[in-house]
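In the two assemblies presented below, chain A is common to both, partnered first by chain B and then by chain C.
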Partner chain A sequence: MHPVLKLVAAAVPALALGVAAAAAEPVKVAYLTPKTGSMAFIGAMYDPTIDFVVKPFNAAGGWNGNPVEVSVYDDQGTTQGAADRFKQAVADGARIFIGAGTSPLAAQNLADIKRWNQRNPDDPAILLIVGAEGVNFTGADCSYYSFRFTTTPYIRQNALAKVMKETGALGQKVYSLQPDYTMGRDMEAATVANAKTYGYEVVGTARHDVFKIKDFSSFVEKARAVAPETIFTAGGGSDLQLILQAASSAGLPAKFAGMFLDEPGNLAAAGPAALGNYTAQIFNAQAGGEKGEAYRAAFNAATGRDPVAFMSNSLITLTMLTHAMKQVPAAPKLPIKALITAMETSKTPWPLGDLSMRADDHQLQLPLVVSVVSKDAARKLDGTDMGFKPVKLLSAEETSMPVNPECKMVRN
Partner chain B sequence: MDTIVVALLNGLIYGLLLFMISSGLTLIFGMMGILNFAHASFYMLGAYLAFAATRIFGFWGGIVFGTLGVALIGLLCERTLLRHVRRHGHVQELLLTFGLSFAFEELVKVFFGPYAVSYPVPESLRFAAFSIGAVQYPFFRVLIGATAIAMFAAIFCLLRFTRIGLVVRAAVLNPDMVRALGYNVSAIFSGMFAVGAGLAGLAGAMGGAYYTTNPNMATELGVIVFVVVVVGGLGSLSGALIASLVIGVLVNAVVYVDTTFGDLLAKVGIVSAETARTLLNVPIANTAGVLPFLLMLLVLMIRPQGIAGDERV
Partner chain C sequence: MSRIVLVLLGLVAAAALVALPAFGGLATLNLANKIMIAAVFALGFNLLWGQAGLPSFGHAAYYGVGTFATIYMMDAIDRGGAFPTPLLPLVGAGAGFLFGLVAGWFATVRSGVYFAMITVAIAELVSALAQKWEGLFGGEAGIRSIRTNWGPLDFQSTGSVYYLTLVWTLIVLLALYGLQRSPFGLVVRGIRERELRIRFLGYDAHRVKTVVFALSAAVSGLAGGLLAISDESASMVLFGGAGSAFVVLNTVIGGAGVFLGPVIGAALTTSFAYFGSSLSHFWPFYLGVVFVVTVLFAPEGIGGAILARWRRVRDGAGPLIGLGDLAGLAGAVLAMAGLVLLIELTGTICSEAYRAEIASLKGVWPPVRIFAISFAPLTPWPWLVGLVALIGGSRLALGAGRPILPRLFAGRPGPRADQTRPGESA
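Now for the complex of A and B:
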């Protein structure tokens, strides 16, 4: 939705509440995400999640009577756009920023936040990173003012390998086929690093350019030559669809283990090629039992679709943000440092288990579901006859990885 | 041995798909001098129109609908938009088509959503055409290749051996004279544009089913199609065919190369072993996506008119 429309949408119920509400100063949150351009599919995922969390929070009184007002800013998927929208949002009065894009966009957001905080130490801003999985955000670039609400490739690879080893799906020969940028390299490093722990041999690695390769058949043939049983990939979007298509039409007898198979459209585009492949999911209603199913049903009733992929990360971000706000006492203006402390110390309930934010590196500690694409899944997706059948739900303790030694957080 | 044959075959067929898309682009440029930036969008529209029509007319009906639909859209673009800017020169035409490509991308998102759609190859066509060693070669790939070859033969014969072809070629060389002889040159140009767009539509209808149909498919192929046309020689159909096949085979073959850029340059003696191990430690296999651009750079340096381009360019 256009920022102005969003503003109006937030203002109308506020006016309806009458004098008391009109006096309350809204807490402004800027949601930076690509809404146009080639990454528009990313921003489209987040729209339904905002109202679903924020509306009930405001209805229950918001932050001590002040409503939370989330405005969406379109960064167009470019770092220049992200920098421009940051300036606009900060001028509009936002001090809480949600960065919901790729790692390069989040890096831009983080640089902008750091600069703002250096210049305005008395009026700091914070960044909540929704979708960027680059290791650096909780490693060398970790910051007191930024939080990561998703996993790293290390966390997902570890979860996948752990569960697939237990069920015997992993096999002895593992291959790594990665998009050639930070996240893919991290995934490759994680795959190599875990070889001993889970008793497999990395028989080959390959990297491909991101969103530039149309025909993956040569990558598939190269992999076939070393006969892997499982192929790890951090690929997403059309890359992942094309890889699955190429593997399936060439009859490659290996299963894929990935991170983003549950993005909207992937099952539809890959068709039967998706069956039997594994993914580490943030949320899976079936794995959450009654609570999970109730959450899914409520979300579906409000938005007309089930939460998948990074939608779940956005829901987690907003839920943890509003949960932390409840613990910040009333003041003329929301004290950001008190909010940070509340974020670090509180446990937030979530249908799959409690969520928390590790104070040392601001990495979300979350349960993960390792699922396999199957026709027996409780919920079918994308209008196909396939869905994600949970293999195992891992608790936050089980998915946790040690703090990155490169993170030297300055706490002020 | 099997691997080499499969790699070669994969490369050739991918090259043929590239040719299907770029043939229209090079035709339109050769005939009308328009560098059509929206050409890859026609490829995308072909896939989406075919996807939409599949539900009503079935898979083959969808392919026909996608082809004709895009040809019609091309015709409308030429008649209602391009025609009016032509007298201002080629830069204006280029800018207009550049704008069109954005408009088409956002329109597709408005109508079909920002995610990929389910437009698969039907089950009845999912079988192996033949097998090479352990590899079951998919029939649909062979079909894409065969369509491209048939298309090349058809356009070539049309331009070379028919009266229509004669008039079209004459209209390109000397439009005023052809007009004076009583031919409707503007209709010929509109027809050419429609045919060029329709060819991209056909490629989209088939490629969209085999690969994926999503709003980014135009951006993914847009640049590479230009590379094909530049390497082949702007306006040359046979040049585009050669360039497509070279690029197709090259990007497929390079994946199998197990050496780095550093090693390669160090062997020749251009860089030190130290630089090779650190700065240039980039496996050549990872560069399949950028290799066509390297090729374009080389061609522009050594033979600026392209493989089969003429001196006009």
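Now for the complex of A and C:
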């Protein structure tokens, strides 16, 4: 062949490919999360999860040849910022929103989505809530257009109490020490509500201000007076570290059972005081056996770290979103209602067992791992000699809680 | 500059403001709304600080109370109440006024630092209350409502909210300007300058201060009401310290001594936060640098600098822009570029995303792209360039001991040691 012809022969398919690629309209996804301000650590945690899921999905053709384009919008950790970023993202053409902040931020996102849909019924938007555990999102505020990809304090407390009862770690006397905001109050209500089911007595409850108290010894002494065997807490961050240290230095014999012990840095900060305490985890590689270990290794190879705490929720959200997209047939524009149906009906594989989205209230049905902080854990965390040793892996059926009667979903 | 030019400029600005919804997108209109809301809030704050010399560091409380009150009224309208939607900001203003009357009576017993501490305490009190009283403040989820149309007026689009906010902003501007020029405004400024003398003239200084405090809280509450209309929701986050801090920032950067100063400051920082947050995650740092530079070299703020420059041109004392100004400006830009380079480099290589990239490239540090140029972070060159630009630019701007920057902003030669900032005189 003539060299020029050769060149043309090579260029034509390349050009055709280029045209095809240009014609493929990206599916825009807005990832709303705090990247600045006092909650910037939340956004930093989610960063590596996006590419890990979306890159291979796009490499495999995306949604019928259209790549998924995830843009991170910084809501600055404020509700006003969240409202502003929503308007910006909608103007940019996004109709799929991932709300990866705290409960107030998710509530703002949900309100924005609901009003957008009310005013633009032919061009609806959906919200995927990554980490907000407020009961209202699948209760009074449940919506056809919003999905929750994490647990509630009820689900976590139930899982903890169930496993600790089975292994005999729970005991008869239970105490509730909660941060005084919505999640803590829910955890307290869950602890009280489950007393009969798991045969324990709630010997006392206390609430503390969030991120304001530096010395928890008075709380520890108050608990010691009623001699509990297990203390449930929804506390996180520095509160949890200080509580564990205060309890340890005062020699309080009770175990703590919580939900946020596996946030990055907590084990290192609490030190040996963390040993023997229980937590309900979304992901634990050791509990997932070979599959779990393979997933952890793949994530570590791509991002340089293991998935912990709410990073797993972001991975679940993106995995389920892309999995549901595969089931939506080609169209000029991604049909949101077909995506909702796909989300409700498909089962998504996950190293710890299948994930699904309950259609009645859009609450994720997921396996949970109840773990104990131990020196025998397969993987040590935060540069300590401690890690989370799985006690039991509960399947999605076992962790499931009944639909909140306050949820009256209007399906349209 | 003659009066005709000013009138013409005003007309052009008015036409641009009225026509904005015709060519501005959704995001632009929302930004304009947020700027006006921040401006009204800052104007309310400055009534207390600039005029009465009382520095309040807890003004988010009155702003938040206004937002919540307005949301409750919106809800009442939605459920069939007869209150007209366009007058909703008055609900926020009323709530702010009543709360300000009580809080102000206590706070203004003292002045200066003690006054500031009382305002912080009251704001913390409200913030703690909002966290615990879930029934009223909606807990973490907050409370929501929706705008209802009123008669022939439609309030569903962002454009309609824009016009409503614009009208209310102008009303507040005129009212505050009138107040400043009224005999009452004179007494208020008298209290700022020498409270004892005002008392000897027969005025009840405490009562005047309480009223000013309440009026300032009312304007802040009105801003909160406008926010409620724009965002249709309120949550306890509004009562956090960030709101109280931002309004101080806006006023200082814009200039507390100039009537329109807070408006300028609000426009700048709100746009900065709006665009900056999508350009760089370090925008609060840059905003902090701007704040420090303003306090150090132009304590009268941007508004003060513009006013001084305008006076100088009017008196024929100097040109609008001199050669020294240009050199200073070039130096400032150079220093800023150097600073941005250093900060972005450091920030990027410390980020999770970069760590992930290193991991996926098996330990190779990929180049960092800043200003559309690739920099290799492991070589000393980008760091050297950044440092040289920062130091050289600063030296040029400050004119090696002969500060150009202060002159650039203040519009007069040499630093001014004689000026007192509002709040210091008390």
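What we mean here is this: the second predicted complex is superposed on the first by the 394 of 412 C-alpha atoms of A that agree within 3 Å, B and C clash if a C-alpha of one lies under 4 Å from a C-alpha of the other, contacts with A are read in each partner's own complex, and residues count from 1 in each chain.
In the analysis below, a residue touches a chain if its C-beta (ideal position, glycine included) is under 8 Å from a C-beta of that chain, and two chains touch if they have at least 3 such contacts.
Please read all numbers here as calculations on a predicted model, not as lab measurements.
Chemist: Considering only the touch criterion stated at the top, classify A:108 as touching first (chain B), second (chain C), both, or neither.
Modeler: In the superposition, A:108 contacts chain C only.
Chemist: Return first, second, both or neither, reflecting whether A:171 touches chain B, chain C, both chains, or no partner chain.
Modeler: neither
Chemist: A:40 in the overlay: touching chain B, chain C, both, or neither? Say first, second, both or neither.
Modeler: Touch status of A:40: both partners.
Chemist: A:219 contacts which: chain B (first), chain C (second), both, neither?
Modeler: first
Chemist: Once the shared chain is lined up, is A:335 touching chain B (first), chain C (second), both, or neither of them?
Modeler: neither
Chemist: With both complexes overlaid on chain A, does A:383 touch chain B (first), chain C (second), both or neither?
Modeler: In the superposition, A:383 contacts chain B only.
Chemist: Pick one for A:209: touches chain B only (first), chain C only (second), both, or neither.
Modeler: In the superposition, A:209 touches chain B and chain C alike.
Chemist: Regarding the shared-chain residue A:245, is it in contact with chain B (first), chain C (second), both, or neither?
Modeler: Only chain B; A:245 stays clear of chain C.
Chemist: Taking the superposition as given, does A:271 touch the first partner, chain B, the second, chain C, both, or neither?
Modeler: So A:271 only meets chain B here.
Chemist: Between chain B and chain C, which residues of chain A are contacted by each of them?
Modeler: The answer is residues 36, 40, 44, 180, 209-210 of chain A.
Chemist: Can you check the complex and tell me which residues of chain B touch chain A?
Modeler: My answer: residues 3, 6-7, 10-11, 14, 17, 105-106, 109, 113-118, 120-121, 126, 128, 134-138, 140-141, 210-217, 219-221, 224, 248, 251-253, 255-256, 283, 285-290.
Chemist: Okay, in this complex, where on chain A does chain C touch?
Modeler: Residues of chain A touching chain C: 35-37, 40, 44-45, 47-48, 51, 73-74, 76, 78-81, 83-85, 87-88, 90-92, 102-104, 107-108, 111, 115, 118-119, 134, 136, 141, 180-183, 185, 209-210, 300-305.
Chemist: Can you tell me which positions in chain C touch chain A when the two form their complex?
Modeler: Contacts found on chain C: 25-27, 30-31, 34, 128, 131-132, 134, 139-142, 144, 146, 156, 158, 227, 230-238, 240, 242, 273-274, 277-278, 281-284, 351-353, 355-356, 358-360.
Chemist: What part of chain A is in contact with chain B in the complex they form?
Modeler: So the residues of chain A in touch with chain B come to 36, 38, 40-41, 43-44, 180, 206-215, 217-219, 221-222, 224-225, 237-238, 241-242, 245, 249-251, 263-266, 268-271, 382-384.
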